């Protein structure tokens, strides 16, 4: 799934809200990503993490930061269905894309949560322009620190994104670039 | 349902949590009751009203105050079922009895909510020892004011509770009193 | 100074602000008194106690509660003079009477502070209608608890104030009562 | 006083605390400076600005950010003397250098305050590595925004500091450089 062990693990999402098409970290390479994992019945998420994300949305709206929410249900599964999540998103007026972490039945923990080895919710991951994890957070994080970390990540130069080698004898214009 | 128009309307509850037997305001006459109405997806309820109720539970635990929660779902009905409420009560560690306001299908608003003519959630009602409403609250209430109101209500003398007249020619011991 | 050991010790004040005439606890017998001791350079006083007192002033303004501030300077004496206190009272818009605790030179601690055996600032004392101390507080106190305590104290019946025995052979009408 | 109109005006300070030698913005060129102006009896300064500065001190302690406080007394001059300021600094455990803004008697406003055309207190100025003002703040500023601004400023490359031209026919080693 993720060849380079230094890269942030790819997302595994069963359903998206607030976006027309699925997002992948690979497709976002070159941008800073703020990934926040939550459960709608998690008191710390609702009291602290969600309001903090809303603040991030507002403050960095003119930057190229991509905020992604991940609903990582690992308990009370029957109580936190996508139907309830949709109403939650509506009531809390969340604007950024939110994915439902894929439940594969192999564990009470969904797939992305296991890939990131999250300890619980709320968790957050600041992913740099090069796709690596700059910071892993668990629990309440201080606003000033969060602001400083994101600004530092945004200030880092955009890396050379590796372009896939043009397939021999194929002059297609995949990925928007037309190879000779 | 409620003969005396000055009395707080009786509760209509389809399911109770945190109590073995259903509660009625009539059965609680003589005690002060703090009735708080909420929805588990209501941001103001979760951020302000629920923590305030938890504080009331703690501060007045040695008094004879009876706290009652009422889950008054009037929107997103499929998202806030008793299954989700039960997990919510567990996660937020709510201790006092909580009833699900009865949905009778005649309105998106449940029955008790209509009886009290609530404007929305969070709402709260301080009911005195005589069964009348001392204060109606809607939205965020100040902690100091809430503490003062409850203490004042508790300080009021316990009224003479009207005892039902003993039925003629019937020597039963209903209500724990044995008439001649 | 205070004959009855159960009574709250009398105040010893060298200068008053926000009042035309000096206050004494004896003269306030029959009313509930909220006495708060502070220093203008005490961080906990400024951040927590003073705003709480301002809330008490607002919430209980229609009751007969008497709020009294006491500037109990026990360190940095040269930095917290009455001149600085006066500007502090102006800037923080304090409304209730405030007295400067009397420095008698026998101790770095002023007189009233010693009489009450205060541990430091902020300290607060809730004094009942009968003149006894209902509660001693030191440090940050919870708003809801403070509101409840004051309301309970206000709800207590006004005690019979001991009237001075009429001097024999003197039909004067001292204290507003005319003895036979 | 300040030749380049784009540069932040130089400080005019009559007395320093928390530093052995006076600071000048010119001497700090190449570093980011967070300059905060306050008065010890200003409620907004004590409640919001000072705690925010303490947070900045903690979070950016490993960066080369220079924090400077400026006591800009423009009212109640007799109440906010250096003696009181010294006790204030002690009680609030302020760590960064703090200067007393120079009172020249020409105005109730001290000199630096006039140079910066401050509107009042609390005011803050984020000064970039090139000596220009990046942001002017007045009143309460959001923690996340402040953190982001400072981190962005710190991420800016250190500019070439203009070296003064060697005075003709003068081989002195002023400013630590020895011209030919």
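Quick notes on this one:
A, B, C and D are the chain letters, set down in written order, and residue numbers restart from 1 in every chain.
Criterion: a residue touches a chain if its C-beta (ideal position, glycine included) is under 8 Å from a C-beta of that chain, and two chains touch if they have at least 3 such contacts.
A quick map from chain label to UniProt name: A, B, C, D = Redoxin family protein.
No experiment lies behind these values; they were computed from the predicted model shown.
To find the repeat of C-D among A-D, B-C or A-B, check which pair has over half of the same contact pairs by residue number; it is A-B. Where subunit A (Redoxin family protein) touches subunit D (Redoxin family protein), over half of the residue numbers in use are shared by the two copies, so each contributes mostly the same positions.
One simple way to say how far apart two chains are is to compare their mean CA positions; for subunit A (Redoxin family protein) and subunit C (Redoxin family protein) this gives 57 Å. Put simply, the C-alpha centre of subunit B (Redoxin family protein) and that of subunit C (Redoxin family protein) have 39 angstrom between them. If you sketch which chains touch which, the chains form one closed loop in which each chain touches exactly two neighbours.
Of all possible chain pairs, those that touch are A-B, A-D, B-C, C-D.
Residue ranges of subunit D (Redoxin family protein) in contact with subunit A (Redoxin family protein), taken from their complex: 52, 55-56, 59-60, 142-152, 154-156.
Note for the complex: subunit A (Redoxin family protein) touches subunit B (Redoxin family protein) at residues 40-43, 46-47, 76, 78-80, 83-84, 86-88, 90-92.
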